[in-house]
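Worksheet: one structure, shown below.
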């Protein structure tokens, strides 16, 4: 299919039409969602920060293996959990985590999962979250 | 009655010499402040208008509706480090932004702004050769741009300055010719056809209706003078980073920035004075200032919409356009104006 | 596995022509004459003791696809820039990352990495532990400095 | 003989769309020589792919053409699934078709907005991004991520389309044609835009073929070639669409071809969403626990029509869980290399306009 | 009042400057990779960074206050990033956007990637994510505003 070039018209007419098309948008409603005040609807599958359910984790190290950029390392935490005999839990380095959700996919007990929390900015380059911190809400994680 | 005599009336008790001095001093300061605020208001209006055209909201965090945004910008620009290029030409580099801004302010002070109830006619200088003075002052600004571009010792700045000059040369002549047509038309009705206020007062039917060609040429020239899209080849952001102002920081850049928007405001004042009937309005002549402001705002809105909707023209095409189209059109316009004036007596 | 010249069909159904390095240019020339005017891709595969060079050719007229394969033991292959201009950057890239020297290339410089980068990263024996710094000289051109210590 | 001035555009320059560096020699305003310098975003994707599982490699492909990530995923999976022997089920094929076409529109919209900025038009950028935001909503609804979706996975897709996604895609189909029309009219009606693009940056058919140019740039030079027709993959043989071609070969032709491609993509999506079959969306052979155990041997080359052109992936496997060698044929690299030819003897402003129509994405060029 | 203590006028001026700086952050048009598209989305209508007075993206480093390092910094690019940072006038701020810039992200094992832009230039705010959503970057800019005003930040 050959694309057609626009027909030659009287000079300036089309230009004025274009200017009017732009001007027309003044009357339309802005589409802006004012972020901090107005919270937008977040889709169910939206994924950002990783959370960990300490009680469900069985320490199988599958998430460590599947993580493509080695953001997940297993760490020993002294904690009374009968299902996790080896007492190893994942810690996540958010400085390299690409939220690819492979860990969530492969986790046999759904202990590690991604959530909607995205307000994770820091003024320091310290993003290594220990297993306990992974279970905390974002506001309480202070470094 | 005028602004000057109004102020003089207030300070009459001080005696003639002192009162005259104080009058001019106070009027100048007030005028400077008003002009700066008006230019800042234009920038704020542009940012809000641009946001609305682009389905956004625009600045709204500082003050009600973001009205203090420009003050925040000014504070920031004042507080910025001033970086001077090592290989600059010192004097021109420092003078250039000031030239642009001063030229703008002087041009503002030449225009008449109509009258308002008690104050009377508002003007600072009502020179007998106002039109010549106005365009002489307007011709200072490109010198500032050229100096800025050459003295920065930056290739982008240099190309930007050369483009700006090429652009200026190609629209100055048509612009002057179309203004000359105004003078020709006004000369039939007023004895002092070089005085801006008498030209505007004689303009009972707006000259824009009598000389649509002149309006077209002049409007395009004003866009080119203010150098925004489609004629912003001098500082074309996507090609030359920032053109002649690439190397400027802080308040020096702020002066260029103010100068650009100030020229838009000035241009819309001049267009509405010369072509849209200025402060002449249908009812009372006491609110001439309001008429003028309304017309100026309309022209400003048109200018901004053109800015936001147009791509940038190529410099050689613009030079062609200037010499091959604008110049003949303005000559035809001049001839037509003479014809209308002499034979039809309009 | 010994390299044998000949034809075969690949896993994806494409015709693969295996040629010796000496016959490469003549094969490609004759293919170009047959209408394969689009050189899609040049690939080097490091098989540890030799390097496989794979050419993907395509003809717009007959919509045919053919893969030409050759091997080189001294990482030198004749350049095909005179046949297809698109080979220019492909060969530079393969020289940069794989270390194949294309003999007769007009301007064989590194494409992605700085000019004096040490080693060719896509080789299997490239040591990823060696850290190289990059700096700029006065003209704004990059040069690499080799540093086995900790780096960026 | 006047002197040529060397001018260095980039790597940080508003018109270079990322980190392109153009070393140009100008004579006054006229560009006499262009030498693109690339590699400022060389992120070693090909090397890293060799050290990662087949399933994880999608990560690096997402980040190649980041403005249209699903299109890249499709390209990789075409090759990887042949190598691993896990073909996707019918429903996944159709879902991937929809995602690939959406990503083509998203990519062209980014290009359209950026091209407006290149020419100095401030506003179309915002309208284009406004429309693109609708696609991003679909992406985030389907995959959970806006830009780098990581949606397709080996043997199918990550999660099924639900009612809401189908509804949003239908909404998008309803509004998209009128919005595209409006965007198009903002450009082509404008006399200055026509003067900036018509007859500028002419590329002949022979030059295009010689330099290996593909995609919209090739079609704008008069070669009616599209991998979707020439070697159909996914569900493209089962939908009706046309290949836009132009014989003019200038900036305007490239512009119009891309606009027309967006329209055709909307057409494909509207057909695909009607034909979307029921059934599984995942090949059971590639289930979760198999993710890191899939092995592949042999070599496979698969090519797809990404938004920039022919995107080829060549994977060599040695029977391990990781690929032995991955080679990517990036369309933008070839499209950029022709700039040396068509960017000569034009003005600086035209160079910007020409490099705008090549639609560069550096994640894909430098990899 | 002892010498050396800031006086009333100085503190007021300082406060005013901080207020101005925090509300008028002009970013540099500097996109490196994937995150640049989200940076453009921040500028676009849906999120609209202009509400915070930051919509003026200056393309000359001389006129910008904020450098959003959006995308992987490779070793070839790092000297340029440094040079651009040096060209910016004080006070200048840097936001590291995306995990590539923070610690290398998915390319952490690559041979030509700088593992964190803070090895080249000082960084004020780190915004993790790959890429961070426009809202997340807006949150980062708000964090930077808080930092400029001297409020508590994490």
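Each chain carries a letter (A, B, C, D and E) given by its place in the written order, and its residues are counted from 1.
As a working rule, a contact is a pair of C-beta atoms (placed from the backbone, for glycine too) under 8 Å apart; a residue touches a chain by one contact, two chains touch by 3 or more.
Here the structure is a predicted model, which means the values were calculated and not measured.
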Exercise. Just tell me the minimum hop count from chain A to chain C, counting one hop per pair of touching chains.
Key: 2
Practice problem: Taking CA centroids for every chain, report which one is farthest away from chain C. | Solution: B
Self-check item: Chain at maximum distance from chain D, centres defined as averaged CA atoms
Solution: B
Quiz prompt | Selected interface, C-E versus B-E, where C-beta contact pairs are more numerous | solution = B-E
Self-check item: Centre distance in Å when chain C and chain D are each reduced to the mean of their C-alpha atoms
Solution: 24
Quiz item: Once you find the CA centre of chain D and the CA centre of chain E, what distance in Å lies between them?
Solution: 29
Practice problem: Determine the centre-to-centre distance between chain A and chain B, using the mean Cα coordinates as centres, and give it in whole Å. | Solution: 49
Quiz item: Which whole number of Å gives the spacing of the CA centres of chain B and chain D?
Solution: 45
Quiz item: Among the residues of chain E, which are close enough to touch at least two other chains?
Solution: 45-46, 48, 51, 59, 76, 80, 106-107, 109, 111-112, 116, 130, 133
Quiz item: Among the residues of chain B, which are close enough to touch at least two other chains?
Solution: 51, 53-57, 237-238, 241, 308-310
Self-check item: Numbers and ranges of chain D residues touching at least 2 other chains
Solution: 13-14, 39, 42, 44, 47, 59, 123, 126-127, 130, 133, 148, 186, 190, 192, 366
Practice problem: Go ahead and list every pair of chains that touch. | Solution: A-B, A-D, A-E, B-D, B-E, C-D, C-E, D-E
Practice problem: Enumerate the contact residues on chain B facing chain E in the complex. | Solution: 47, 51, 54-62, 66, 69, 71-76, 78-83, 237-238, 241-242, 245-250, 253
Quiz item: Where on chain E does chain B make contact in their complex?
Solution: 16-17, 19-21, 23-24, 45, 48, 50-53, 55, 58-60, 62-63, 65, 87, 89-91
Quiz prompt | Interfacial residue positions of chain B with respect to chain A in the complex | solution = 49, 51-57, 305-306, 308-310
Quiz item: Touching chain C in the complex: which residues of chain D?
Solution: 8, 38-39, 42, 44, 46-47, 79, 82-83, 209-212, 223, 225, 230-231, 298-303, 310, 312, 314, 316, 324-325, 327, 329, 333-334, 337, 366
Quiz item: Within the complex, which stretch of chain D touches chain A?
Solution: 52-53, 55-56, 58-59, 123, 127, 130, 133, 137, 140-145, 148, 150, 158-159, 182, 185-186, 188-192, 194, 198, 242-248, 252-253, 256-257, 259-260, 288-289, 291-292
